[in-house]
């Protein structure tokens, strides 16, 4: 593999307004986090006895992990299935996943009551705990991602360039391990809710929650790759591999149909069809999720024209993600019923309403901003998109097509 | 009512203040020396000390758990008949009574205006000298009667009484006329005793409760007895305009129109007598005046009572039958705070007579063991001086059948204000909060304003202390000795489980010190608290040390009349008086007679009062533990009534009577008659010295109008009519 | 006192007068902060329309489940189920994830939201008062109850007692002992005159709530190994096929050259 140190020339980050915004968001999040460490989670959040988990878990953990699933999908595709044409998408996906998981970890450090003890998970194992599995998987997978991504960093430094090769040579076990870990924790994020049959609305609670989660993670991952490629191509003015993305886009409806069949099949088997129209807000949330996340994208992405235009792809990806993120919020928050305060309950138990506070959202935004900044820096200084030239050549030679160059300011 | 009644904020005191901490974090002083010496505690300072609760007047036995020299938990003493191993919530919260951060721990002397709450700390020497000199001054200038004394029932009350009788004042105010005068006087007139004891045995089948909210106004053992009786399947008929927790456990709840309990009971008597359902042999043998009674109640048919009480005639008839069918295992409970209306005396007489007609004596009712055990010793003392001055409260010149010791507390104030028949100049108050407990708070404060000198003995700066010139801090009940309490065939000891905090002292000490300074030392012939107790124990031949370890001593009960062959009662006739000549002689009806209670005018409501389990009267709202688990005080209003007035839950309303007005949020509920409102007593404190309670709720005493039952002298606490409007 | 093989409580809602002595007792016994509690009263309060009213309250604290979901959920094993009943929590292990709060179907564990990392924010819940029950005393809440609405004893005996009570007063009680089977059985048994849901109790099946997740967890390792093997096989297969194809095309290229 040849070294290409020429980073996209038109990409300038020198404290542009965007960077200022990102840094400000990070600063605010930092201050909020410090307050939380000093005075307790209650001081900055609306979390309560009734709502032990809120926005951070729904957004940072559930959404965060889901949208990082592109990493294992691409690793699997490129390394295991050896579909080399997807290689250009590999590094950005792995980077997204890597950063995504780091963000998850940082968010958890804010959310955990005893953040300094996060490593206890590695030594005190309760083998019945789904959360333990997630913890271990996420920690291990972060390591795997670091290894998968290491060559990208190492290639930047010619002296250690051999190490990069070495990693390359022995990458396969890590890739397989990574896929296994991802399969486990993407699905066990769903298993996390298995223990709440009496709290999670029956439209969502099912013993096959892990399968549902895994199934949806695939569409989410694919959509995320499309989204991330589309956006970075716009901001970094580099080529958009529409042909590749179109292939991914073609897989989404397939994944969604399977997901939809599972979902309704399960409801049918459980005899929960009754809830589809009779559960008020819950029914509405359910249908919103299905309409946005499943039905619309199946139709939209089945249309070839949409798959082959940059805007069509982006739109499709956003719809899928919108619906699926709603799903993650539903299962982890909106559709979870907490104990009602009955006749007499102390105040700290009677807060059954939950609405994230500004500081809570600020923490998530700050972490998100850090992720974007990190992605930008990586894109600028590391050969993240390096493989694309190679692939472009392959592609051109195969199809004689010119890649579409989409950029924000053409 | 699916709404949470209480969304009360737990103490939102900052992290720095005591309030946010647990009790254990505010346990300061060390265990009582005595306990250490007598070996109740092991070397590590752990052990259990037996003493008695004083969170209310029931006085349950308490086992105080001591750990490393500190009291950490109170449990009910299984050997004490009032607790039998249980404590009510107030008893459980006792640690916080002692560790209340608002405790007064040194004598205080007022420096600002009265009612301003500015005090300076003083030594006992100075404070006691000041009190004694003021009292002497008043006595020398205006006579001993110009000093008013008042105190609510407590174990050191005999010494308090020593102080007042030796001082020579006739003016003695107790809580009784605000509480149970109607019942006590009625029983005295009927049975010749204040309050017969009730027997809740396995055979008890039927209980009629007239406004005795036993499951909220708790007396641990009796609450437990009633609950177990219900559990066994005894039938309970409960009369109360409110659906209280007792109502919810009763077999039948009758939301009677306030003040008309008399009509209900007269109708029961009517059926029972006209249908000859009474126990004839018992009545013939043990009662007098049956014919007069029969004649009088013949007018009171259930049909007559139905519109008055709001209870259908058939229901009244049925209950009369059921009640009589269950006889003699049947009990009409007098109630406790029975002074509700000016006709309450007759209601109480009717209840007492109802029992007599059932012949349930010694089956479900018997003579109470009494708290004065003849077997206990006492320090010698001279005779009290003769007192010739009239009492300001009108006993007996206006209230001929009210005993002296009971008095008519609420009536004092008019005479203080008017100065007729003579002006009062000083008031000595102990363990009482008349500013809150007397009706018409404005009048009480006005009467206070007429006085030259007020001294209060309390453990916190209660509302009365707030208006006082000197405040003397008593040691709390966990910090002191009190005179022994006879219960059944034992005498129980209250002993310190920790040393008094600050400068607080026992009442035994305080009264003796004052007595000596007033030249009345002969009335307090004991060295210290332990010496007093030794003198009490002397006739029993038990050492104090032994009692300290066990917590009680066996004391053979003085055999009461019931055990002799012929029953006789301590009445003029020696029998149960269905007709009372005593009453007739002073111009009152000799048998229970209907007296129409006043009624609210159009647009007015009855304002009811009544206890809640999580507080006692006016003295525990500052207890942080109880505060933590209490419902927010709100004005109860029936849901339909609220709707018709356009009011909704949590609306703030102005409540107005002829003597005052208050603002309070509403609790819209199904659990009350549409023509009634209800307020929890004990809120709306004036004293800023009560930091936890201050600012919480409103005081019903502000709007209560003073009405006194002319026979028993009881304050008619439900006879206040109010209007409400949105505030 | 009989030997207690399985510590349990029996709560009889028909007896509870909502006096809250149990709540105060718990706070003192266990030295609970003034703004916290381990035990509370639940229920709908007064229901019905004047004058046809009913009231139901129940004292709520940890059910000491036989298959504790809190324990199943806790990643670091901060919960322990004692052989003889009590479910206890060890703050020294807790990482503060609050998953136990989500897992407990009764909403029992609660968290110190007002403590920073220096003070340490922990979970708290009823412990069954081990300091008392293993010293011959009843739990503080039980001991003080003036009406014996709360009782304490051996689970088997209490279940028998509860059924006997129902049999003796069939019209008084709902014919069910909540906790006998719910969630796989709990150590807190409840008798009631009003539907259990009105007391705030969830309608739970006899199989423990954590059954599904524990089964899934049991399958994790085998699944991971299997899936790893499949992936390895696929990888090898694809690689072989790929190499073969490459070799073939190379050959082809060479031969065509």
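By letter and in written order, the chains are A, B and C; residue numbering begins at 1 in each of them.
By our rule, contacts are C-beta pairs under 8 Å (C-beta built on N, C-alpha and C of every residue); 3 or more make two chains touch, one makes a residue touch a chain.
Source: prediction; values computed, not measured.
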item	value
Per-chain Cα centre nearest the global Cα centre, belonging to chain	C
Label of the chain whose CA centroid is most distant from the centroid of subunit C	B
Centre-of-Cα separation between subunit C and subunit A, whole angstrom	31
CA centroid of subunit B to CA centroid of subunit C, Å	44
Gap in Å, rounded to a whole number, between the CA centres of subunit B and subunit A	68
Overlap residues in subunit B, where contacts from two or more other chains coincide	5, 10, 628
Overlap residues in subunit A, where contacts from two or more other chains coincide	342-346, 348
Interface hub residues of subunit C, defined as touching at least two other chains	18, 20, 35-37, 44-45, 114
Subunit C partner contacts - residues on subunit B that touch it in the complex	1-3, 5, 10-13, 15, 19-25, 72-76, 85-89, 91-93, 95, 215-216, 218, 220, 223-224, 227-228, 231, 233, 243, 245-249, 253, 255, 613-614, 624-626, 628-629, 638-640, 669-674
Parts of subunit C lying in touch with subunit B, wherever the complex brings them together	14-15, 17-21, 23-25, 27-29, 31-37, 44-51, 53-55, 114, 137, 140, 143-148, 169
Residue numbers on subunit A that touch subunit C, as the complex places them	36-43, 45, 47-50, 52-53, 76, 79-82, 111-118, 120-121, 124-133, 135, 172, 175-177, 179-180, 183-184, 188, 191-192, 194-199, 207, 210, 336, 338-340, 342-346, 348-349
Interface residues, subunit C side, partner subunit A - complex	18, 20, 35-37, 40-45, 57, 69, 71-77, 93-99, 101-103, 105-107, 110-123, 199-200, 202-204, 209-210, 212-214, 216-217, 220, 223-224, 227-228, 231-232, 234-235, 238-239, 242
